[in-house]
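Input: one structure, supplied below.
Think of it as A, B and C in the order they're written, each chain with its own count starting at 1.
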Amino acid sequence: MTLNQQRKLKTILTGLFAWTVALVLFFPIFWMFITSFKTELQAISVPPSLFFEPTLDNFRVVQERSDYIHHAWNSVVTSFGSTIIALIIAIPAAYSMAFFPGKRTKDILLWMLSTKMLPAVGVLVPIYIICRDYGLLDTKTALVIIFTLMNLPIIVWMLFSYFKDLPKEILEAARMDGATPWDEVVKVVLPLSVGAISSTALLSIVLCWNEAFWSLNLTASDAAPLTAMIASYSSPEGLFWAKLSAASTLACAPIVIFGWFCQKQLVQGLTFGAVK
Amino acid sequence: MKHLTKNTLTYAVSITAAMTAASAFSATQITVATVNNGHMIEMQKLTPEFEKANPDIKVKWVTLEENTLRQNVTQDIANKSGLYDVMTIGMYETPIWGERGWLQAIDTSGNFDVNDILPSIRGGLSYEGTMYAAPFYGESSMVMYRKDLVKAAGMEINDRDSWEHIRDVAAAVNNPEKGIYGICLRGKAGWGDNMAFMTAMANSFGARWFDESWKPELETAEWKNAVNFYVDLLTKYGPPGASSNGFNENLALFNEGKCGMWIDATIAASFVTDPKQSKVADQVGFAQSPYSVTEKGANWLWAWALGIPAATKNVEAAQKFVRWATSKEYIQLVGKNNGWAAVPTGTRASTYANTDFQKAAVFAEAELKAINSANPNDSTLKPSPYVGVQFAAIPEFQAIGTTTGQMISGALSGSMTVDQALKSANTSADRQMRQAGYY
Amino acid sequence: MKRSITRLLMAPSVIMLLVWMIIPLSMTIYFSTIRYNLLYPGQNNFVGWMNFEFFITDPGFIPAVSNTLILLLSVLIITVVLGVMLSALIDKPFFGQGIVRVLLISPFFIMPTVNALIWKNMMMNPVYGIFAWISESLGFEPIDWLSSYPLASIIMMVSWQWLPFAILVFVTALQSQDTEQKEAAQMDGATGWHIFRYLTIPHLARPIAVVVMIETIFLLAVFAEIFVSTGGGPGYDSTNLAYLIYNQALLQYDVGVASAGGLFAVILANIVAFFLIRAVGKNLTV
C-alpha cells in the first residue's frame, strides 16, 4: 500500500466513524420527527415501526388546539429582543474592560458571572412578586428583561475575551488619526468583530428560546412562548407521544433550522479569544 | 412586605379602573386555566358554542400539564395576581382554598340543578357546606382486567375481591415470555401518582396518614403490610420498570395488551374500551377495587372542577362559563357531537340515568358504584383528622405525599427496603408537620 | 477623563446586574429569616435560622449535594473528553463533513424539556423504548434506565445536550491551530497521537477552560430534565439541589425554606467556582 492509499483509507475510516457517531447522536431528534407522523398506537408499538403510512393528523390537532403562530411570535420577540438589548449594553462594557482594563476588571467579570449562580427555583417568588407589583405578569416585557439579565454576564464575557485579543496596534493607529472613542468602536472594533458578535448573539438566542422555567411561571396566555406550548402537550391522561412529538417538532424546528444556517458563523465566532 | 402590598393595591385599583373603562366598549374577556386532559381539550373545542350564546364574553385558554398548572394557579391565587378568571382545580385544593376565602362560591341557583351532582363529589368540593368549585368530571378507581386472559387461566374476578385473590390471579395470568404481565399498577413517584393508588390500598389495610393529633403514622404495621404486599406483587408479576409507570405508561401497556389487570382511575375505562386506541377494547372487564381488612377507602375519589378565584374582576362572566361547562346541557352537547361514550362522567346522576349513555358506556355501572362508595370524610378504619380518600386536604400533603412516593418507588426499584423507605418517609413527614406548626 | 468614560461604558451592565442581584438577593435573605408560606397568608413572623436548619437537616440534603457534584463532574468530563476527541476527528476533511457537523451540534438547539421527554418516553422506556428494543433484539433483558440508573440517565440526557456545545467551541479553536507546525511535526516523524497530545491538547487548554466555566454555571442548576423524567427519584437517587428546593419547599409553597435553600445553593456554587477558577483559571481570559 502506498502512502497515498494509506492516507485515503484513513480518511474513509475517519469519515465512516464520524458519520456513525453523528447519526447516533442525531437519532433522538430524527425519531421525534418520525414519531410526529405516526398515530398514537403506532408511536408505542413494539417493535418500533420505521415504515408506516405517515399522517399529518397530529399537526392538525396541534394547530387546532394551540395558536402556534402566537407562541412562536412570542418566542421570537423575547429571544431576539432580549439578545439585541443585551448586546447593546454589553458591547460598551466589554470594550472598556478589554481596552482600558483596571485593577478590578477581573473581579468585576467574575462577579458578573457569579450573578448567574442564584438558582431560579430559589428566587421564583421574589421575582414573581416584583412582576406582579409592576403589572408585568404575562407580558413579553418581563421575559425580555429577565432573559437580558440572565444572558448579559455570558455575553459580556464572550465579547471581552474576543476584544482583548484584537491587535492593539490597529486601535492606536486609529487614535493617531484623531478618532474619537465612538469612532473607534463603530469604525474599527465592530467591523473586526462581526463574527464574534453574531456567534454570541446566536448563543444567547438559543438559550432564551429554550428557557422554560421563567417563561412557564411568569406567563399565562398573552406572552406564553413555545416552551409553554410544549407544557400543554406533555403527559395528559391518555396516549400523547405522537402529538407531543408533533408539538415538539414545531417548537424546535425554527431554532434548529436557524442554528443550521448560522453554524458557519457560530464556528467562526466562538473563539473565546483563542485566535492570536 | 408591607409596601409591596400597598403597591399592589394601587395597581389593582388602577387596573380595575382601566378594565371597567375598557369593558364598556368591548366584550369581557375571561382566561381559563386548565389541565391538558382529553375532556378539557374537548371543552376548549366546544367553547365557540358558549361564545355564541354569550356574545359579550370571549374565552382565552391556557392548557398546561398537571404539575405546571397546579404551580401556576396556586402562585396566582395566593398572590392575588388575577391572571386567571377560571381555574381547573382538584378535590385537593378546593377545600383548602375555600377555607382561606380565595374562591368565589359557585352560583348554584336556577337551572343548574345542584342536587343532580353526585353527593360524594359535591361533598369533596365543598367547605362548610358551600360548593367552591363545580365538578367537570369525576373519577374513582377500579379493577380493569382482560376477560380472555383471566378466563384462560381458569380464574375469575369479582367486585371487592381480597388482595390475596388478586395476587393469585396475577400469578396465574403472568407470562413475561409472551410479554404479558399479571398486573400493572402505578409506581411513578408523586402524591397524585403512586401515592393515590398506594393510599387507597393502605386504607383497605387499615392504615391512615395521620393520627388524631396530626402525627404521621407511616411506620405502623398497617402501612408496612400494605407496602410490602404492593412491592412484592409488582416485583413478581408486574412489568419491567414499574417504578416509573404512571397512569399513561400503564394505559399504553394495557392498550398494547401487555397487562392482565390494571387497577387505576375509572376514567381509563373509556380509553381502554375505545377500539381506536386499544388493541384489547372488546376484552375488558371491570370490578370494584380489592380490599384487605376494610372496604373503607379502598377506592379513591377525585374530581377536576372549575373554580373562580376571589380576585377576578369578571365574576359574572366567569360564573356564566362555569355554569355552562358543568351543566347537564354541556354533557348533552358532548354526547350529541362526539357520542355518548365520550362525555365527561362522574359528576351528575342524570348522566348515568341516560339510556344513550348506558348503551354507549359499558363501564357506566361499575364507575358509578365506585364513586358512590367513596367518602372523603370517612375513609380510614381508625378515625383521622383529615378530609380526602387518597390524600389529606392540607397544604403540607403535596410535599409529604411526593416524598413518601419517592421512597416507595425507591423500595419498588430495590434501592432500599420497605422498612427503610417508610422510616425515612415518616421522618420527613414529621419534619414537615413540625415546621408547619401542627405540634 | 479616560477613566470616567470607561466607567460610563461599563455602568449600564454593572448597574443592571447589580440591581438584578441585589433586589432578589435581599428579598431572598429577608424571606429566608421569616415564616412565609403562600398558603398561610399573614403569618410572617421572624424565625431566625429555622428555615436554614430545616433545609440543611433534610434527609435528602446530603444526597442532593453529592448528586449535584457528581452530575456536574460527570457531564464536564464526558463532554470535554468526547468533545475533544470528536472535534479532532471531524477537523480533517472527509466526505460530508459539513452535514456531520450540523448533525452533531443539533442537540444543543433542543429545549431541555423536550430533550427529557424524548429520552424518557422514546429512548429509555423499558417496554417500548428504542433501547429496550435493541437489547431485546440482541437477546438481553431490557434495562429500566430511569429507575435502575436514575442519575446516570440524567447524566446521559444532560451530556447529550451539552456535548454539541463543547464540540462547537473546540472545532472553532482547532481551525486556528497552526497547520505548519503540525506538518513540520509530521515531517519529523511524530505520530498522530503525539501531535494530538503535544500540539492539539495544549492548544485547546483555553477553550476547555471556557467550556468548563460556562457548563458549570448551567449544570449546577439542572432542573427541567429531572422534573420531567425521574422526579428526583427513586428515593433521593437523582435529586439535586435545585430539585430539592423545588420538592421540599416550592411544592408546598414554603417561600422561607425555598429562600434558605436558594442561598445555600449560591454558597455551594461559589465554593465550586472558587476551586474551578483555581484549577482552570489561569487559562481563562480574566
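Following the convention adopted for this analysis, a contact is a pair of C-beta atoms (placed from the backbone, for glycine too) under 8 Å apart; a residue touches a chain by one contact, two chains touch by 3 or more.
Quick caveat: nothing in here was measured; it's all calculated off a predicted structure.
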Centroid-based (C-alpha) most distant chain relative to chain A: B
Winner on C-beta contact pairs when B-C is weighed against A-C: A-C
Distance from chain C to chain B - Cα centre to Cα centre, in angstrom: 35
Between chain A and chain C, centroid-to-centroid distance (C-alpha), Å: 15
Multi-chain contact sites of chain B, meaning residues that touch two or more partners: 71, 75, 79, 252, 256
Residues of chain C engaged with two or more neighbouring chains: 38, 127-128, 250
Per-residue overlap in chain A, given as positions that touch at least 2 other chains: 44-46, 129, 231, 234
Contacting residues of chain B [partner chain A, same complex]: 4, 7-8, 11, 15, 31, 33, 35-38, 41, 44-45, 60-66, 68, 71-72, 75-76, 79, 81, 83-84, 179, 246-248, 251-252, 255-256, 265, 267-268, 271, 277, 279
Of chain B, residues touching chain C in the complex: 1, 67, 71, 74-75, 78-79, 96, 100, 187-190, 239-241, 243-244, 249, 252-253, 256, 258, 395-396, 398-399, 402-403, 405-407, 409-413, 415-416, 421, 424, 427-428, 431-432, 435-436
Partner chain A, residues of chain C touching it in the complex: 2-3, 5-7, 9-10, 12-14, 16-17, 20-21, 23-25, 27-28, 31, 38, 86, 89-90, 92-97, 99-115, 117-119, 121-123, 127-128, 130, 133, 137, 160, 163-164, 168-169, 171-173, 175-176, 203, 206-207, 210, 213-214, 217, 220-221, 223-224, 228, 241-242, 245-246, 250, 255, 258-259, 261-263, 265-266, 269-270, 273, 277, 285-286
Residues on chain A engaged by chain B in the complex (per definition of touch): 40-41, 44-46, 64-66, 128-129, 132-135, 137-138, 216-217, 220-221, 224, 228, 231-240
Footprint of chain B on chain C - complex, ascending: 37-41, 44, 50, 54, 57-60, 125-128, 132, 141-142, 144, 146-148, 227, 230-237, 239, 247-254, 257
